[in-house]
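Report on the following structure.
The first chain written gets the first letter, and so on, giving A, B, C, D and E; residue counts start at 1 in each chain.
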Amino acid sequence: MQIGRVIGDVVATRKDPAYHGITLLVVQPLGASREPQGRPIVAVDSVGAGVGEHVFFVRGKEASFPFHPTEVAADAGIVGILDHWTVGE
Amino acid sequence: MQIGRVIGDVVATRKDPAYHGITLLVVQPLGASREPQGRPIVAVDSVGAGVGEHVFFVRGKEASFPFHPTEVAADAGIVGILDHWTVGE
Amino acid sequence: MQIGRVIGDVVATRKDPAYHGITLLVVQPLGASREPQGRPIVAVDSVGAGVGEHVFFVRGKEASFPFHPTEVAADAGIVGILDHWTVGE
Amino acid sequence: MQIGRVIGDVVATRKDPAYHGITLLVVQPLGASREPQGRPIVAVDSVGAGVGEHVFFVRGKEASFPFHPTEVAADAGIVGILDHWTVGE
Amino acid sequence: MQIGRVIGDVVATRKDPAYHGITLLVVQPLGASREPQGRPIVAVDSVGAGVGEHVFFVRGKEASFPFHPTEVAADAGIVGILDHWTVGE
């Protein structure tokens, strides 16, 4: 999984029907010093994250597991909201 | 998923038969400031996107879900057309 | 899928038996201006591509779909030869 | 798989229920000269790794194999602790 | 698949039990001019490759196919040793 910050959301009225009722958030991946790194991604959210929160997200088919048995065509999903994370040593 | 802009299309008469009748579009992934970032990809389209539109697309096997039960050998698919997306904070 | 140009081939006598009889080509991925971008990949070919041709290829397990029911341990496969591709706007 | 060093951990009380009781560690991927390279990732741990240890980790759905039959929505997992690794020639 | 050179090996006594008896090699991916490019990866080996040899390897779940029916949590596997590869035009 990767660490990111929720930086926005998307509105799409024309989309694959499997997405109806599912929240889509824009997440900016973060580097080790918490700086933005790489392209933002659009993730499905199953944990109720909000803009500004630090989260960890999963890539690949696993992103749709929390929505089972609905088969969402998702490749990125927020699976946890970080209370804190420490990078030591 | 990732955000991109449809920038073109491809014509291929010799291709895997599973692609027949399926629209293939060239999508340029975008960064947080909506600038082009990374290589363009060729995506299957199930939502009727057109050149110039902003879309979000999915990578991996999930790209073929909207065409089920046809098994398309696709690893990228447009699954939504963006009305707008906001990147705040 | 991604756009690339076939730039060579590989010869490997010691390989996983599932590859026997399958053509392996070296493909250079291309950027939006058709310049080489990123590492070349080795792809299985099911459409009869040749050196110098522009193709589109698929990554991941989907690369083996055209060889079904043979289970090829492939993660990249040429699935179409481009007649032309336009990148506008 | 990739080589990395465990550099921290994460605390997340709001997360996908499948993660309960599973250790999440922050791993920094390493380059050939053992220098940090690329973004840190959050990995599930099935081998008891600790901060400071060199490990190898797997990406993708395979990360959840050691937790079978639990279906963890994980895309990165530590699968071994390195005693040593040599890069010669 | 990608082209690489075997540059070392790893020793790990604490690891996922599915790896027991399986050779793990460090492979450096190569660019079009055969220069090192990107992070080294740790790959399972089913073809008997040795340090210094040029190989092609597969990413993803496909890496475990040659070990079937053993379910190895591997995302990279050497599937062929290159006799030679030509990059022309």
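One rule holds in what follows: contacts are C-beta pairs under 8 Å (C-beta built on N, C-alpha and C of every residue); 3 or more make two chains touch, one makes a residue touch a chain.
Here the structure is a predicted model, which means the values were calculated and not measured.
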{"item": "Neighbouring chains shared between chain A and chain E, ordered by label", "value": "D"}
{"item": "Classification of the chain A:chain B interface as same or different, half of numbers criterion", "value": "different"}
{"item": "Gap in Å, rounded to a whole number, between the CA centres of chain D and chain A", "value": "19"}
{"item": "Centroid spacing, where centroids are CA-atom means, of chain A and chain C in whole angstrom", "value": "31"}
{"item": "Per-residue overlap in chain B, given as positions that touch at least 2 other chains", "value": "60-61"}
{"item": "Cyclic ordering of chains (reference chain C, direction chain E)", "value": "C, E, D, A, B"}
{"item": "Chain C residues within the chain B interface of the complex", "value": "1-3, 29-32, 37-38, 46-48, 56, 58-63, 65-66, 77, 79-89"}
{"item": "Contact footprint of chain C on chain B as seen in their complex", "value": "7-16, 18-19, 24, 26, 28, 36, 39-43, 51-52, 60-61, 64, 71, 73-76"}
